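Order of writing sets the chain letters: A, B, C and D. Residues in each chain are counted from 1.
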Amino acid sequence: MGKSRLEAFSDGVIAILITIMVLELKTPNGADWDALRVTLPHLLSYVLSFVFLGIYWNNHHHMLQATHRINGTILWANLHLLFWLSLVPAATAWMGEHVHEAVPTAVYGIVLLLSGVAYFVLQRRIIAQEGPDSDLARAVGSDVKGKLSPVLYALAIGLSFINPAFADGIFVLVALIWLVPDPRIEARISSRASE
Amino acid sequence: MGKSRLEAFSDGVIAILITIMVLELKTPNGADWDALRVTLPHLLSYVLSFVFLGIYWNNHHHMLQATHRINGTILWANLHLLFWLSLVPAATAWMGEHVHEAVPTAVYGIVLLLSGVAYFVLQRRIIAQEGPDSDLARAVGSDVKGKLSPVLYALAIGLSFINPAFADGIFVLVALIWLVPDPRIEARISSRASE
Amino acid sequence: MGKSRLEAFSDGVIAILITIMVLELKTPNGADWDALRVTLPHLLSYVLSFVFLGIYWNNHHHMLQATHRINGTILWANLHLLFWLSLVPAATAWMGEHVHEAVPTAVYGIVLLLSGVAYFVLQRRIIAQEGPDSDLARAVGSDVKGKLSPVLYALAIGLSFINPAFADGIFVLVALIWLVPDPRIEARISSRASE
Amino acid sequence: MGKSRLEAFSDGVIAILITIMVLELKTPNGADWDALRVTLPHLLSYVLSFVFLGIYWNNHHHMLQATHRINGTILWANLHLLFWLSLVPAATAWMGEHVHEAVPTAVYGIVLLLSGVAYFVLQRRIIAQEGPDSDLARAVGSDVKGKLSPVLYALAIGLSFINPAFADGIFVLVALIWLVPDPRIEARISSRASE
């Protein structure tokens, strides 16, 4: 089964998610800098979620590039990932309205945690299909980032009840860890192409 | 006539539908778990509709993969299907606001029923074009699921006036029936590919 | 210059336009049939606009299929068409809220008229590029439908100030005229393919 | 690394941005011409932003057409451009509600300025990858338009505090400068193709 429609559909959904978050940026009440300043927490939440969705699109792009065939299970594992990602805009809007409050920050962390788990499951299903000697399997390797992120998200969820600012700091940290596109897969594809 | 733009357009519309439902998930009024709990019926309606649209995308994907050529009638049969699917977000939002009420639940069922009928019509038009000996015709076969679903939807519509919870149960049941991607078409494509 | 990204971008915009009109279908106030009946004018306006956008997508699909190369002028003629189409949802929502009122009906007609003109301009630019002996030029031929529609739209705009119902009738009439996919281009492509 | 998914994703995001701005065109309060006239500033802001996003899509299309390979840095430079473009709808809505006021006009200019800078960065990254002798590098050449635009945007931002109408005039001027699709790249591609 070809992977092109899976890529196209995922691109579509992620492109829409990353864009409709803008609709939550309410027009400021007033026409001065103060009115704009009130929307700053919304804007910062938006930036954070934009980066997270960008990271998912980027990694999804890399992973699918190293994928040769898909099956029905992979289709559903992909839809499962898109489901959790689809909750990011709602979680972002809630956190944007209630910065420095425990529950919205924790819920934002839960959505990120479950998105990460769904990505991990999708990766497992694709590797199961591609085989343990596939480019993808070797490129993913021990997957330190993929295993570290859920731990950090869980930590952030817990810390948001102590001080939501700690959780925010961890979210930024995880984003920074992932912001570099995965050199392992890119390197392996390049080395293959030049063999 | 090529099928690639039909696939791209359908992917686009379904990707947008599955995503804009999120816009109906209103931000909770407040920052505690209670505020979140109030949005739970909306969230559950969203999950159900996400799964239904995911099923349609999945089956559409499989069906088009076994399709070789399309014509003007198929284009319109496809737009007809997209029309009924496009009402899913509105029906979901209404049901989410009025859980356990008869009319919104029945209307949700009607939208699902007519989407199912439109899918059936599209499938008939494609099989008419592909011919009775085509891969698709044989893969679809007696189409038990496709014939059972409308009956179950009709039952749900009726039952929603007795107890909407019965209807909800049937919606979940139909989703479960379809959740498994159609092994018939997938199997046939695989066996063909290996001939 | 390849036409694939032009097709993809147009598909994207039309898919989004046809879908976001659903967001204007406000959730009924209440949970009974009466509440639903109040939204009926909105729903009918939505159906009409869905059909119009479906016709444009369909004809655009056929026209681009007979197009071999595009240039910068065609890109802008296409964006010009997408601009007028992008006003359809707003015009639909306004007409849906004020059925049987002159100005919203006339404005809806104006948006359709200018969309039709923009489509005609795009078609002219593509034929200028393809040449007078191209498949497309011969397929379009005297373009009776394309010339009749603006006349009917202008008539509808005028009549909406006498009785908006007359204008509505003309909108439905134009939709019916176009609903049949253009057999000229389809026939010519088929005959070419079998030569 | 192939560029097709980058193109598809960018097309998707820009198509959505250009379309969701329509959602900010609130339905007029009333059914007469006066009600429509009130929405005129919104409509004009929408036209301006539609043209700007159309220009970006157009130039992006041309630039990517002359691009052969991409890498991780280009992916992120592209997401960075999409981020600033994604703020255009919000800036447009704010300016539409407060025409002839300094801060919303200046903020609109800032979003355009940073979008222009992000486009410039993306172009630099692609040229770095393609090499100084590439078609793209020679086509871009001294890039007068690309260097003039930020200067004009900065001027507009400053002038908006004296008289926002001056800034509006500069926005229209920059749009007109870019409205012509870039003949340099198009010419070079054509000449290459005919070699």
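Please note the rule applied: a residue touches a chain if its C-beta (ideal position, glycine included) is under 8 Å from a C-beta of that chain, and two chains touch if they have at least 3 such contacts.
Just so we're clear, the structure is a prediction, and the values are computed from it rather than from any experiment.
Relative orientation of chain C and chain D, expressed as the C-alpha superposition rotation angle, is 90° to the nearest 5. Residue numbering shows that chain A and chain D use the same positions for less than half of their mutual interface.
Centroid to centroid, with C-alpha atoms defining each point, chain A and chain B lie 26 Å apart. One simple way to say how far apart two chains are is to compare their mean CA positions; for chain B and chain D this gives 37 Å. Looking at chain B, one finds that residues 8, 12, 16, 20, 23 touch two or more other chains. Taken as a contact graph, with one node per protein chain and an edge wherever two chains touch, the assembly forms a single closed ring in which every chain touches exactly two others.
Residues of chain C touching chain D in their complex: 1-2, 5, 8-9, 12-13, 16-17, 20, 23-24, 71-73, 75-76, 79, 82-83, 86-87, 89-90, 93-94, 97-98, 101-104, 107. Residues of chain B touching chain A in their complex: 7-8, 11-12, 14-16, 18-20, 22-23, 25, 27-28, 31-33, 35-36, 47, 50, 54, 57-58, 61, 65, 179-181, 183, 186, 189.
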